[in-house]
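Listed after this line are the structures, all set down as structure tokens.
The same chain A turns up in both complexes below, where it pairs with chain B and then with chain C.
This part shows the complex of A and B:
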């Protein structure tokens, strides 16, 4: 019995094997030391990528774990940005508390929308959440007293007690820390009873029901959690950004995050993280050629759907395995 | 037998209509505690419909289902696991992308939330050990980390049963567990089900076409044809019943049997 591979989930063991561990440590060192040897711009990009990682974690919960489509991720992100910025400025809450507030507001809206929208499924669910996302963008653009409408909102510096965060380099350690916390949280959710019930719902709703799982509740909770994590990402955004405009909280952002999760690999946390980083970099490069941006996104998404439907990392893993077995 | 007076699972006047079609009409059936009870009949007799009513996936048009003294006729399906009623699925409803281990672990869902520590644990105490035992008993230990969808059909059927057993049921409902299995696998299933009855005191209701299994393990057999009960009794009684032979083989077969 002792030799059976039951001691830990297979994924955890694989992630901690020799070369992977070295890679992980190297990545951690680079991540921690980044502000020391690079320019402000690189740190800004790093901050942005870390926010995308958290956005992808949120979307992973609802799409990857529970298998429910959501096309409203940018809306929850936006709610988090505005709610935490306002809580920090108007009520003068310490920024970490303001971030939690942003996550809570986004999560509460997510639960409410989830309870309504999750009566539908597949394309109908996608359309319902899409409509909500569009409606929220309209709210962001027109609720002048809260969002300053189409002029965009200046976000005042995040305040941690006596410290005001004024630069990307100053913000970076906090952004990195919160990102790691959210990765840990997502892994913990995924491994828990709740995460198992999400995957059961994804794989077979009737079987989940027969195992005593409340399928409707699982779907709504996963939607709410996903929204809360997106809202938290919004709070992280406010740590280093000084300005938010409703234009950046629309369907394009939803599609961008969706693409990241699909490109990285649906259903795996590592895939969501990797997709956010790889595709986030690609989209930053494409910013030099904005007229081609959408076309190239579309092409990448189609190519992945055709040739690597399980995502970039599963694709690379398969190629490595094939190479090892001499094919 | 005292159990006979108050059956563990009692079905009274069960009627299920789909539009104008009566799939099952006024079925009475009593399943004794600790017995293996088989529900058989030709294709379209209403066995699976009855099965899905008892497991609460369909709601009957009329009639009453009681389990352990409790009326479950209108309870939601998801509450069955908590009451100790487990089921398998005829066409397999595995969590295909998940490992065999995780499939069975999810079977223990209702037991994995007793404390916060259990609920957030990837390997809740007590439950993991039970899951490992079940894998051992169903011959799946070496496939624990295999994705369920990558198993062959026989092993997938075993995962269904192991997952149902993780509920720690008092009543196990099996929908054609032997369909599609090879002889060797049917023999193993036969052994497992008998052991579950003898050692674990489980009550088992199975819908089954494989007569080799039904005749060998059933304490009692209920025969359905066109939605009504045409016979009930032990294997020997049912086998000798002319109505059963007619339902399965046609009228001539009965006459031949009578003459020959």
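This part shows the complex of A and C:
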């Protein structure tokens, strides 16, 4: 196993050379051309995957960069969905502004929970968010006047000034654009002083403190950012989806996102993106066999932790390297 | 609500709270004893509890085994499953990645595997209850009505907790466990077998969860989702400061009583929110918990 387990900007730059770059360009071309030559269903799945990419980026910030747990990712996602849908319709904000509003609400709630939970042990964040996720699902299912309770809420089409977005294909360019913006933002955060302080906290609390980093503040900020990004993903979901049910905002979804991040490789942005796409497709296939879903998710989490803690891509890379060196 | 009724509710709430609280206390104890020694909050504790309940149900109802076989068999299976998970899964995880995060994710994985497996068996499709071994005739204590079964649950839970306490505080094995919790390397230097000690702790924690399941399953409808009461156990552990065994027990009773009070005085629909609110209140007012001492930062 190589000695640098987690991406530093140096490894990120190295990954952008030669074949990787060609692959990236090819992926970009496919992504842009997708709605031209495929059916509505494929575009719908692509939209969904892009939303999951953003959810994974959010979870990456808190778990990959800072080494903290958020067990309420689906709750922040839900807050973003409801807040941006309502802001778009009830207050008639233009949709991009409504999405920002959703992200702000989710981020503010995240900061509040984080500030409370991180007063003691860092593991309290995991427990408090675990409970918060359950509580929020209950709120989504019972706050009838806002969420239409257990019947689910019909999300009216996203409104950009005079235009209403009515189909998946229409929404796709916007979803893709916002996803790229979020990837750019996450990379920027990760390479900034803030991102470095997150990783310092993850590696050693004591050493980080000695460097003059406010450990508690770094943790709270990272959690708040993660919640805001999840909320933004909720806004993206509202761009193309017409219906939201509280059942899809429970712990199950948090675990799905966590599994994606784990499959891609904890601690790397490329991993979070790749994991969202690879495992997003796998989970779409798994829909055929719902009775095995839980066992498979659980087994993947355990096996990856045991044998491939750096994720699928690093695991394959290691095997290829070993084969080349004839071992 | 007049005073008379409020008093009756109060007594009933405390009595019922102590009964359900004893189950939360057992589960919180199981969580805290693992956290104290491994620093891992075991997110699979609720599913271990649930799976143990189904093992007992399977042996007793479907295999028609006599109860004096079912009880020890269930406890032994719970012990083995948890000890082996520690030995073969978590030791491997710890070997391939140093960070705690990875161990915690592995426990989340276990919770999903267990839940999925139980669902696959199909026993959980129709909610059922484990047959009660003690009569369910009710008795009055003050103005609160409880059943003989309730008293048995409370008594058994307190006995188990006392036995565990004694083991943890006064036997050589218990001393070794506490030493591992304080400083694993130093414990190893004075001759504690770390691997065996961890297996024993995880195994015992499985046994405690199984006992909790055996005690409560005659009173509730069992489903594959019944492990979600672990939420209340986590809340109990936080109330107790998360690393204190007496704290976990007291926290369990507090959460049980609060839960019942919320159900009686406010609304049974609000019960779901009780654990979160309890965690929130503790974090605001007394973040170190009722029994938590000062927190010390572990060195690098």
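Descriptive notes on the structure:
We take it that the second predicted complex is superposed on the first by the 312 of 327 C-alpha atoms of A that agree within 3 Å, B and C clash if a C-alpha of one lies under 4 Å from a C-alpha of the other, contacts with A are read in each partner's own complex, and residues count from 1 in each chain.
Criterion: a residue touches a chain if its C-beta (ideal position, glycine included) is under 8 Å from a C-beta of that chain, and two chains touch if they have at least 3 such contacts.
What you are looking at is a predicted structure, and each value in this text was computed from that prediction instead of being measured.
Once chain A of one complex is fitted onto chain A of the other, the partner contacts of A:121 are limited to chain C, with no touch recorded for chain B.
Once the two complexes are laid over each other on the shared chain, residue contacts for A:320 go to neither chain B nor chain C. Touch criterion met: A:293 reaches chain C, while chain B stays clear of it.
With both complexes placed on chain A, chain A has more residues touched by C than by the other of chain B and chain C. Of the two partner chains placed around the shared chain by superposition, chain B and chain C are both touched by A:206. Once chain A of one complex is fitted onto chain A of the other, the partner contacts of A:188 are limited to chain B, with no touch recorded for chain C. By the touch criterion stated above, A:196 is placed in contact with chain B alone, chain C being left untouched. In the superposed model, A:25 makes contact with neither chain B nor chain C. Comparing the two complexes, residues 1, 5, 202, 204, 206-207 of chain A contact chain B in one case and chain C in the other. Across the complex, chain B is touched by residues 1, 4-6, 8-10, 188, 191-194, 196-197, 199-200, 202-204, 206-215, 267 of chain A. Across the complex, chain C meets chain A through its residues 35, 39, 41, 43, 89, 92-93, 96-97, 99-106, 108-117, 119-120, 228, 231, 234-235, 237-238, 242, 269, 272-273, 275-277, 279-280, 283-284, 287-288, 292, 295, 297, 299-300. For chain A in complex with chain C, the touching residues are 1, 5, 63, 67, 69, 116-117, 119-121, 123-124, 126-128, 130-132, 134-135, 138, 142, 202, 204-207, 255, 258, 262, 266, 291-302, 305-307, 309-310. Against chain A, in their complex, chain B makes its touches with residues 55, 57, 77-82, 86-87, 89, 93-99, 101-102, 105-107, 109-110, 112-113, 118-124, 128, 132, 141-142, 144-145, 163-164, 167.
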